Structure formats: C-alpha cells, structure tokens
Amino acid sequence: MPIIRVEIWEGRTIVQKRELVEVISRETARITGCGLDSIYVIIEDVKKENWGAGGELCSDKYPDDLN
Amino acid sequence: MPIIRVEIWEGRTIVQKRELVEVISRETARITGCGLDSIYVIIEDVKKENWGAGGELCSDKYPDDLN
Amino acid sequence: MPIIRVEIWEGRTIVQKRELVEVISRETARITGCGLDSIYVIIEDVKKENWGAGGELCSDKYPDDLN
Amino acid sequence: MPIIRVEIWEGRTIVQKRELVEVISRETARITGCGLDSIYVIIEDVKKENWGAGGELCSDKYPDDLN
Amino acid sequence: MPIIRVEIWEGRTIVQKRELVEVISRETARITGCGLDSIYVIIEDVKKENWGAGGELCSDKYPDDLN
Amino acid sequence: MPIIRVEIWEGRTIVQKRELVEVISRETARITGCGLDSIYVIIEDVKKENWGAGGELCSDKYPDDLN
C-alpha cells in the first residue's frame, strides 16, 4: 500500500495530474507487486516563491519557467 | 514532543478541525506519556484533484463524495 | 481517506503503537465521517539525536527523557 | 524540479528501487515537461509495525504479506 | 543534496522567504560540505486554523500572534 | 512555531547535526521573529540507495560521494 507524494511547481493542468496519477500508480504496482487499489498519490502544488534552489527563490531565479 | 500531520480532503469545518486537534492530541498524550503541551498537529487540506487512489484522481472517481 | 503521520521519539512499544493507530483512526473516522477502512497511519520513530528543539539536539537537552 | 517521496513497506530489493526511481522519474519528466535531471525521488522503507490501515497495525493485519 | 522543508504560519513576506532560503541553504552547505546548488528548500505556509498546539487550534489559542 | 525537516544522505556526524540544528533554528528565529524555543528541526538520514536523482539511485550514480 504505497503512498506517493509529488511536490511540483503549481501550474500543472488537470490532464497532466490525471496522467501522472495513472502512470505512477500503474508502474508502482507493476514494479513492487502491490495491488493498484492500494496505491495513493498526493500532489502538492508549490508556488515558485515557496521553493528555493541553490539559495535562491525559484520566483527570482526562474521567473519565466513553468517546469 | 510528537508532531502529527493529517492529510485530508479539503472541506472540513473549523469545528471538525478543532475536535480533531483536541482529541488526537489528548489521546496521543495519554497513550505515549508525552505532555499535552508538547504535541503539535498540522492539518493539510488536499483538493480531490490532487489526490489519486487506485490510479485515478479522486475528483474523477468520487465526484460527489465529501469524505 | 485521511493519511496521518506521527513523528515521535523512538522507543514506543508495539503495544503503544497498536493503541495509537487504533484510537487515532477510530476518532478520525468518527469526527470526519470517513470510513475507518480508508484511514492510514504511519509512525516515524525519530532518534533524539535527529530531533532539535529550541536550537539543541534532544539527545543533548533531554538525555534521560523517554517521551 | 519535482520531488517525489514513496512510502512503502520495507523489503523492496535494490533492483526494485532502481527500476522504481528510473521509471517514475522518466514518466514524470515526460508528463510534466521537467528535465529528468531536476527530478528527485526519495524512498522511505516503513516497517509494517509502523503502518496502520483501518485502525490496525499492518504487522497484525497482514503478518504474511510482503506488498 | 539536502532537501529542507519549512512549515510555518502563513504571513511571511517574500523578503523573509528570500532571506530564509538564502541563509538556510548557505549554512547547510557550509556545515555539511554539500554544494550550494544541490540544496532545495520548500516553504509550506500553514494557516493557524490548520495548526494545533497543546490540543488547541492556533487560531483559537493565539488569535493575534503573527509568528 | 516553525517545524523544519532536513532530508540528507546518512553519514552526518553528531557534531554536524548539532551545528545544523543550532544554526538553522537561530537563523529562522531571527528572520521570522519566532521565539527560538518554538522551533523544531527533524533530520532524516536517507540511505543513498533510497535517494534517486535524475532517474538513478545515488548509490549507483555517486558511489563514493559522502555529501
């Protein structure tokens, strides 16, 4: 019964989230042998101003990047 | 000094959150012997579109459920 | 389908963990209206040397405390 | 630069972990458009006695299951 | 490649977040010997109504505090 | 009352952990205005075989690195 948490910059579409959950769950079930029904995925949309990389806020460092 | 984190679908009322914090903290103190004042609880309201179960988004799978 | 995570100093007995899971799950189900079967609890045993409080390691600050 | 955390019962082999990291990272990069090099995956091996499901410890509820 | 997560009451300014990321990353690099570029910091703004301390919601217990 | 969680490859000494907790707590108190006593830091020692970067296990990718 794996629990998977994905932290990612906000801005993903519902279509991307749907595919992310579908694929990660299916592949995790296949690789680990767990039942698909026992797998949970939680996506956390993180603002770029709340994410630091290399000592800088991503909102400062990557103002125009989406990914 | 336990730290407890509760991930739950968004939509809980303040009354439910208040009782959840009160009861979980009190019971954890009783069972573990920690002082009540040393217990922290953080609630994370998760959108159903950010929660996957069995490979599907909960917003697709349980569109009308609240819990 | 709440997911609850409890970080606590290592040293809890299996009896304490069993009661913690039982009570927290049951009370969360009662308060939120979620089904008991949909509730998961993960306990993380944390060494006192990995836990800082007020700027000090708990292994330094509370060398003899168990809770 | 997604960060992905996988909580799973302990007992996965290094071969399973390697494939899990490889596949989840590659698929996340493909779906989100992030660079593969910016993706991190952390696996947390959780003992069954530290994982509760439906109010019971998994070590009690599923003593013989591996997944 | 440390990953640091800071949970804090919401209300920090961008200036505070910027300094927090800068200083924590730099000091972690210095103390651990990791490269600054390999350090990530994620800030989670938590509402006081989602944070319990000593069995009470912080929105009840500290209605006027900001920190 | 910030809670800070540091995930880092295992192998840090107690001296490094002590300094990490001391400095991060002090600087967080200074920048945010929170009381030092209200700050908690939890360090999670992560095995390199449980940490993936760019689709590879760190135990494969960086077999000789310590940081």
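Should a chain be cited, it is by its letter among A, B, C, D, E and F, assigned in written order, with residues numbered from 1 in that chain.
By our rule, a residue touches a chain if its C-beta (ideal position, glycine included) is under 8 Å from a C-beta of that chain, and two chains touch if they have at least 3 such contacts.
Bear in mind the structure is a predicted one, so any value in this text is a computation, not a measurement.
Colleague: Going by residue numbers, if over half of the contact pairs line up, that's a repeat, so tell me which of D-E, C-F or A-C repeats D-F.
Modeller: Repeat of the D-F interface: C-F.
Colleague: Between A-C and B-C, flag the pair that has more C-beta pairs in contact.
Modeller: Higher C-beta contact count between the two pairs: B-C.
Colleague: Centre to centre, by mean C-alpha position, how many angstrom separate subunit C and subunit D?
Modeller: A distance of 20 Å separates the two centres.
Colleague: What residues in subunit B touch two or more of the other chains?
Modeller: 1, 3, 7, 20, 24, 40, 42, 51, 53 - these are the residues of subunit B that touch more than one other chain.
Colleague: What are the touching chain pairs in this one?
Modeller: A-B, A-C, A-D, A-E, B-C, B-E, B-F, C-D, C-F, D-E, D-F, E-F
Colleague: Give the list of subunit A residues in touch with subunit C in this complex.
Modeller: Interface residues on subunit A, with respect to subunit C: 1, 3, 40, 42.
Colleague: Quick one: which bits of subunit A touch subunit B in the complex? Just the residue numbers, please.
Modeller: 14, 17-18, 20-22, 24-26, 29, 36-45
Colleague: Note which residues of subunit A are touching subunit D in the complex, please.
Modeller: Checking each residue of subunit A against subunit D gives 1-9, 12, 16, 19-20, 23-24, 27-28, 31-35, 51, 53, 58, 66-67.
Colleague: Provide the residue numbers of subunit E that touch subunit B in the complex, in ascending order.
Modeller: 7, 46, 49-57, 59-60
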